[in-house]
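The letters A, B, C, D and E name the chains in turn, as written, and every chain counts its residues from 1.
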Amino acid sequence: MFLTFAILALAGALALLLQKNAIEAGLCMALSFLGVSGLFVLLGNPVAAALQIIVYAGAILILVLFVIMLLNSHEEEPAEVSRPIQRWGSVALVAVLGLGAFRLLNGSPALAELAAKPVTGASTNLHSLGDMLFSQHLLGFEVAGFLLLAAMIGAVALVKKNL
Amino acid sequence: MTYAWLIPVLPLLGFLVNLLVGKKVGKGFVTAVAVGSVTLSFILAVRLFLAMKGADGHRLDLAYFTWMQTGALTVPFGFTVDPLSGTMMLVITGIGLLIHLYSVGYMHEEEGYYRYFAYLNLFVFFMLTLVLGDSLVLMFVGWEGVGLCSYLLIGYYFETDYAPDAGLKAFLTNRVGDLGVAIGMMALFAAFGTLTVSGILTQAGHLAPEVGFGFLTFATLMLFVGATGKSAQLPLYLWLPDAMAGPTPVSALIHAATMVTSGIYLICRLAPVFQLTPTTLTVVAWVGGLTALFAATIGLFQRDIKKVLAYSTVSQLGFMFLGLGATGFAAGFFHVFTHAWFKALLFLGAGSVIHALHHQQDLFKMGGLKSKTPVTFWTMLIATFAIMGLPPFSGFFSKDEILYLAYLKSPLLWVIGVVAACCTSFYMWRLMALTFWGEPRDHHAYDHAHESPKTMTVPLMVLAVGSALFGFWGVPEAFGGHFAIGEWLKPALTFGQLHGEHGHHAGPAIALAATSTVLGVIFGLFGWFKYKDGLAWEEGFIAKFPAVHRVLLNKYYVDEAVELTILGPLRWFGNVCWKLFDVILIDGVGVNLPAALTKVAGDFVALFQTGRVRNYVFTMGLGVAALLYMLLK
Amino acid sequence: MDLLSGTLQGYLLVAFLLFLIGLATVLLRRTLLLQFMGIELMLNAANVALLAFARWRGSDLQGTVFYLFIIAVAACEAAVGLALVIGLHRHRATTDADKASSLKQ
Amino acid sequence: MNTLSLLVFGPALLGLLLLFLPEKFGKAGKSIAFLGAVAFFVIGLQKLWGLRADPSVLAPERFTWFAVAGLPVEYHLALDGLNYWLVLLTLFLVPLTMAATWNSLKQGEGRFNGLFLILSTGMLGALLAQDLLFFYLFWEAMLIPMYFMIGVWGGDDRRYAANKFFLFTLSGSLLWLVALLMVAGKAGSFNPTLMATAAAAMPFGTQCWLFLAFAVAFAIKVPLFPLHTWLPDAHTQAPTAGSAILAGVLLKLGGYGLLKFAIPIFPAAAQHYAKPMALLAVIAIIYGALVAMVQRDIKKLVAYSSVSHMGFVVLGIASFTVVGTQGAMLQMLNHGISTGALFLLVGMIYDRAHTRMIADFGGVAVKMPVFTAFFFIVTLSSIGLPLTNGFVGEFWILNGAFTSGFQWGRLYACLATFGVVLGAAYMLWMFKRVFWGAENPDPESGTHHLHDDLNLREIAVMLPLIGLIFWMGLRPGTFVAASEASVTALLKEVQAPAPNMITLAPAAAAPAHGTEAPTPEAGHVEEHR
Amino acid sequence: MNSALPTSAQWAALMPILFPALAAAVIPLALLDRDAGVQKWIRAGVYAVALFALGASFMFLAELGKQSSQPSYQQLRLDYLAQFTGIFIVVAAALAVLQSWDHFHQEGWVKGETISLLLFSVSGMMVFASTTNLLVLFLGLELFSIPLYALTATLRSRSSSSEGGLKYFITGAVAAACFLMGIVILYGLTGTLDISVMRLQAGTPLADPLFIVGIGLLLVGFLFKVSAVPFHQWTPDVYVASPHPIAGFMSVATKGVAIVALIRAFPGLTAWGPVLGPKVQGVFMLVAVLTLVVANLTALVQTSAKRMLAYSSISHAGYLVLGLVAGTPGALTGMLFYLAIYLAMNMGAFGLFTAFGLVGEKDTYEDLRGLGWKHPLMGLCAALILFSLAGVPPLGGFYGKYMIFKELVATGHVNLAILGVLASLVSMGYYLRFIVALFLQAPTQAQEREATEAPVIQASLARGTVLVGAILVVAGGFMQTVLVDGFAHRAIQGLLGLR
């Protein structure tokens, strides 16, 4: 199961990377999100899985697609200048970082120690989550509220029609 | 002796008064101030001289205040009057007075009359400081000061092209010499710990002569370098002929009678120290001898009457150094003394001629003036006899003493001296013949020629008397005298110390004197005969030996050589320093290049600021990778 | 250790790869909207790692709380980011990141 | 208010006020500044003159200013033998320069003089400060007013010159700051005495590096070859007042700093580097003179002459003898007077002719005899003619170097004398070309634009300077008496080698010694005392 | 489940943050995009509210400073360092608000949401600076970043504005993602979100490579906000695109809180153990060197004065990071002092543009020609501020550098100190260029003409702020003891537990 969802998530992401059409790329992203949410289920966290679908795939992605439609820019515009350094440099950079990540995962004793421990604890439920959120993380919650408000005001300020 | 300080200060006051108000108040006042101050000064000088003569050991030390005092260096401000400086003092004020008087007539038409007399007074002040100063530093004040006055007076006609150049040349050449004096002073200070003359001489008495090249030799040689500058010896004689650009009385006073002899005075002053350094004395003798010959040969074919006299002066100064170098300090000084009279006379006579011919200085344009300017003629004749060494005129005794001592030092030096003396006779008679005999070659000037006014002729006559008679002060024993001047100067020259006695009158004194005198007379007559009727002989000589004549006329091309080998390279090097080192290397490479490189580096770094956000992220990514690598390494 | 089975390392690998793919999208794609999606991917990657760690930390609830906040942040970024894209599109009629390079040097 | 504090900070306060004066009150501002400067001079003279025998009797003003993280910085102003005359010189030159350049500026006169007053605060503060960080503050703060004086009121190339001046000087002092912090950190204080103790405990190599950092900062200010190239530009481009005060006082701070801080803190290193320092000084003397000789601009010529003259100061300091150091002290004053006067004179002729090119002149002596006389006297002072001040300083320095405890002293002293010759060469050559000869026939020439001789104001400005030139030449003791004790103590403290006097063979031992003396360096020479 | 209302002590911790946030929430109600017909008194009211909120916040913080209590609420802890930072932010924001009144009126673009966003950002910064909990830290970071993204692009009539905003957004989001990833890794390996607990907690694998990567990614987030090289490239573009007061605020406050957060996260060299400590120091060293070199060199070749100031702010980050390299309490104190002066200098410097009435894209040196003489007071302030930026004594900027260099030298980093002074030398080059433009160059004829035609510039508030900046800069030069001992010293002592 893990492999399936992992491949789904990664394949979706990779497809997004390689996709020319913005809308199709959006759909690929949705696919990737689905894979991720599957992973969350495997991690015993159905709440997160649900939120992933609802908020990410449901809200954010739709927002992105909306904007794509609005701007009517489905296809990537042709490049004015090809920038091989940027392209191949980026590829190399990502490859090196990927290699590093791979080695890191195999070379970290602390991680191995942690992974070796048995998985304990029940899967997350909403009730305990709410409790936690409104007691120990009330501050964070408030800050997040302000954050959303600020983002809203910002977005409004930025896209009003009259210049 | 409380008045002693007035002797130099009076001329200084005269200078200040004339410079500040002279322009406005008129020539009468200027004359009164200038001549008056020197006259007073002269009178006081005579009094002081007599007081000194009566004093113990013929010596008066007058201390005024401490001039400099720091660390181990103490320089008092004070005067010393002894036979040496006393005699010089009299010569300066005396001849100075005469020349002041003469100048009243000579300069009466000049616009810068007040300026001229102010400078002249200043010169007297500095010259007196030089001879009276009881420390080397104070002497140096006078030493540089007379150079300054010489500079100012040479450049008196400052609107012209040549006079400022000549003045500059004089000052700078003198400065080169002064450099030697400065180094010499430092060396003497290092050796003796004091710079007062008495202090140095006292200690010098306890020292052994220095064989070879020791520290003292270095010091005395440096002082001698200074002397060559001031007294126009090889190789620093170059300025003196050019110095004739100044008014003629100046040439007489400064560039013949007084300032140029200060080199000899300096060496005499420090005679006990020079005694300790035979190497230096040898150098002095040879330089003197060679200068005498060298300048005399140049003098042979000069056309400018003052140039002839100038080279003659250089040559005579060479004789004096020859005398000093042959340990005849007294003899050298004797020649200074006699030369002061007859050379001043010659110059003033020449000035009189020039004045008569309305500033005509070219010998080839003169002629036949014997009758027009009789006083001038006769007085100059006396001076000519003196300079050619005809007995019993003054020059005979002094020159003969020098040649005799030179013979003792080295016969070759004697030969050189005699050749130079012969040349002297020749060109002097050439000068006389061209000026006073023959046909006038410039009729216009001749027709307007007239004898000079009294203020000019009286000094001539006084000087003529001096030229004729003062030789008897130093009649050598060979001629029945007892060299009185030597005895007189002895306390000053030996400072009561050991004095390297030379075997006086051991050699063929009379024979030598006779030889040189006869040769001199022969050459003098030769010159007179060849020139008394005109320029034909010289033209023939030029036709026969054009090269020799050209070389001599152009003074061996030394000026050109100096320009080519010293001044040119110096300027070139200055330019190199400026354009190459300063502008290109230090400023360019050292200052502007780093600045420019920084700019270029900035431009280069700015290239990475492409404005494309993907690049920014890429750079960040690289940064992350590098950072993680550093941390994990 | 088998990365392909559901170990902690496996989840982290997925997370890292997602992260890098997101980064690659930002680096390689010129369309601002795609770059924006890449950023969302990167945030998501963090989510995966976070929840995986939380699971191995005894199903720590803090992780899920954090996850909630991250989603909120992602939403906020989406709002502002998309607004910025629209703003730029108004002026330049483009969504090409490389063409938005008037500010430089 | 305390005297020293008043003298230091008073001008700046007045200057700041003047900066805010509106442009239309420029003339009034100028007068206020001048009166203020005169007042400060009078106050200074009145309070300080009586102290000239021993300035250190004046109680220092001292308290801890701030101590950030354990390193206290003191507000410490004090008069001592080394700074006494420089302080008076500064107080004297500021009003004098203002008066001399009364009509030189076309605009912003009030502000210019305001900056001038601020500059004088910087200079006085640097001279009086006894705490090194305190000194550093003034040292750097001086740059700012000078920068504006050059940059705003300067010649055509003023921006380049001002920037170069600023950055060049700053580069040295910034590196110096690092060294300063290093020593002060070790000493726990910026007090020179404590720093000297701390420095002495460091390895010799470190001391050398630190000394170099100190010396370079000061050498730039002096300026010592090859760090001098900012000077010609700054001098040439600065307005007259700027050049005069730059030459008059600012350069002195380099020599003063060397003597006051660099040498006492690193005595061993300083003596280790005495030879290279002296060598550079000799090069500066000759090089400055050579370059001055080929200049076409009078002001630039004078600027390079500064390089040459200040080389003497360094030579004197490097000699580590009382005579040489005292000579350096005196030479600093001399240079302040005579080069300051030269710049003022050049300014006077520039105001009339609007050119400074030597070739544009000729025959000025006919048109402006009084000016010529002044210029000539100052020239004489500059070339070190005896009886003027220039001679005494140079003579002492040369003597000091010659008898210096270092073996190279004699050679360097002899070489340095060439600078004296060259000095006469370039100054008099310039004098000849500008003042003598026939009047320049070109109707566009500078001489042609000279219509009037110096006015009373200008004569009044020059007279005190001329007076000082002769006073200092005749009675130098007045001006170095204050520093004699300080210098002697300083040299004793740093254990300078004893002067190298010569002992000659006495008469009895004559034959034995005579032959073995090929050079003046060897042979009879032996250490004396 | 202690979900009861906060106690009064807890309120004390919250109030300084809540005031700006509430004001920010209220302001849009009055003035959300109604600029066209809005009454002037409403505008004034909005600004007054903003200033009131900031003032209240300031009062609270100041009051806290007098007491010895350090109130906390949940993950929030208003210790002395937080108080210092809070005051720092509030002052910067207040100056920015004052300047923006003039600036936006000059631009003809007065919008309430700008002020609102600014205040949100202030709240976010305070949160960011007052916590050691990484979760809250992240939220604070986003709360101040996201409004700033929007603020950068707030002048939407200008195309460069939205471009700048977008660049800020993309780079910022990537950095935030890295930061987040770092937090997640750290959390995963230690099980706690509190960074101050983390390094002291038993069993923390301080030398584990994954842990180090977490720390590294955390560093990336901080360094991005500090705008240290190589995470700096957004800075100039964003500052140029922003309105002048906002640019000033960003340059000061963002960098300030990020530096404070760095001080919190890396208080001294030994904080992270013997392995990681030196490595982090090495990173700081490299970053500082790169920052000093690159920023100063690039600043030298700019033609836009504002862009130059942006690079200059990057280079100041370099000096600040040098303080971290030294890492001694003295150096950290010096950094705080530096920040205080930097606030005055940079708010003043950016305020100059408003004070001179340079609207739109007029921010090159050419546009500045001769202005120093035209406005003498501003000219003098500009000179003081610029010389202070360059670190010329006796101005405040010098002492900041002095304290940092002193500690650097004392800890044996003489090379870095030398590099630092050389960088100062280069920086002098470009500050001088600013001064040259202000004083040493006469305005062009076109500028003269324009100046006579244009209406008189009304910028008394902005000029006031510049004056305040200049006064602070001078005060920093002469009363450094008060500043250092009064605030910075105590803050660091409190942080390091030395009291």
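Note that a residue touches a chain if its C-beta (ideal position, glycine included) is under 8 Å from a C-beta of that chain, and two chains touch if they have at least 3 such contacts.
As the structure is a prediction and not an experimental result, all values here were calculated from the model.
Engineer: Any chance you could name the chains that touch chain A and chain C both?
Structural biologist: B, E
Engineer: Going by the average position of its CA atoms, which chain sits the greatest distance from chain A?
Structural biologist: Most remote chain from chain A, centroid-wise, comes out as B.
Engineer: Have a look at B-D versus A-E and report the one with more C-beta pairs in contact.
Structural biologist: Higher C-beta contact count between the two pairs: B-D.
Engineer: Find me the chain with the mean Cα position closest to the mean of all the protein Cα atoms on display.
Structural biologist: That would be D.
Engineer: In whole angstrom, how far does the Cα centroid of chain B sit from the Cα centroid of chain C?
Structural biologist: Measuring from centre to centre gives 97 Å for this pair.
Engineer: Give, as an integer number of Å, the spacing between the C-alpha centres of chain E and chain B.
Structural biologist: The computed centroid separation for chain B versus chain E comes out at 78 Å.
Engineer: Need the CA-centroid distance for the pair chain A / chain D, whole Å please.
Structural biologist: The computed centroid separation for chain A versus chain D comes out at 71 Å.
Engineer: Let me have the rounded angstrom distance from the C-alpha centre of chain C over to the C-alpha centre of chain E, please.
Structural biologist: 27
Engineer: Two or more other chains in contact with one residue: find those residues in chain D.
Structural biologist: Residues 167 of chain D each touch two or more of the other chains.
Engineer: Two or more other chains in contact with one residue: find those residues in chain C.
Structural biologist: Within chain C, residues 22-23, 26-28, 30, 35-36, 52-54, 56-57, 60, 62, 65, 69, 73, 76-77, 80, 83-85, 87, 90, 97-98, 100-105 contact more than one other chain.
Engineer: Which residue numbers or ranges of chain E touch two or more of the other chains?
Structural biologist: Within chain E, the residues that touch at least two other chains are 135, 139, 142, 146, 149-150, 153, 156, 162, 165-167, 170, 174, 188-189, 209, 213, 236-237, 301-302, 429.
Engineer: Any two chains that touch count here, so list every such pair.
Structural biologist: By the stated definition, chains touch in these pairs: A-B, A-C, A-E, B-C, B-D, B-E, C-E, D-E.
Engineer: Quick one: which bits of chain B touch chain A in the complex? Just the residue numbers, please.
Structural biologist: Those residues of chain B that touch chain A are 612, 614-615, 618, 621-622, 624-625, 628.
Engineer: Within their complex, state which residues of chain D touch chain E.
Structural biologist: 19-20, 22, 66-71, 108, 136-137, 140-141, 143-144, 147-148, 151-152, 158-159, 162-163, 166-167, 170-171, 174-175, 177-178, 181-182, 184-185
Engineer: What residues on chain A touch chain B, complex-wise?
Structural biologist: Going through chain A, the ones touching chain B are 83, 86, 89-90, 93-94, 96-97, 100.
Engineer: Can you list the residues on chain B that touch chain C in the complex?
Structural biologist: Chain B reaches chain C through residues 606, 609-614, 617-618, 621.
Engineer: In the complex of these two chains, what residues of chain E are touching chain C?
Structural biologist: 135, 138-139, 142, 146, 149-150, 153, 156, 159-160, 162-167, 169-170, 173-174, 176-177, 180-181, 183-185, 187-189, 191, 193, 236-237, 240-241, 301-303, 307
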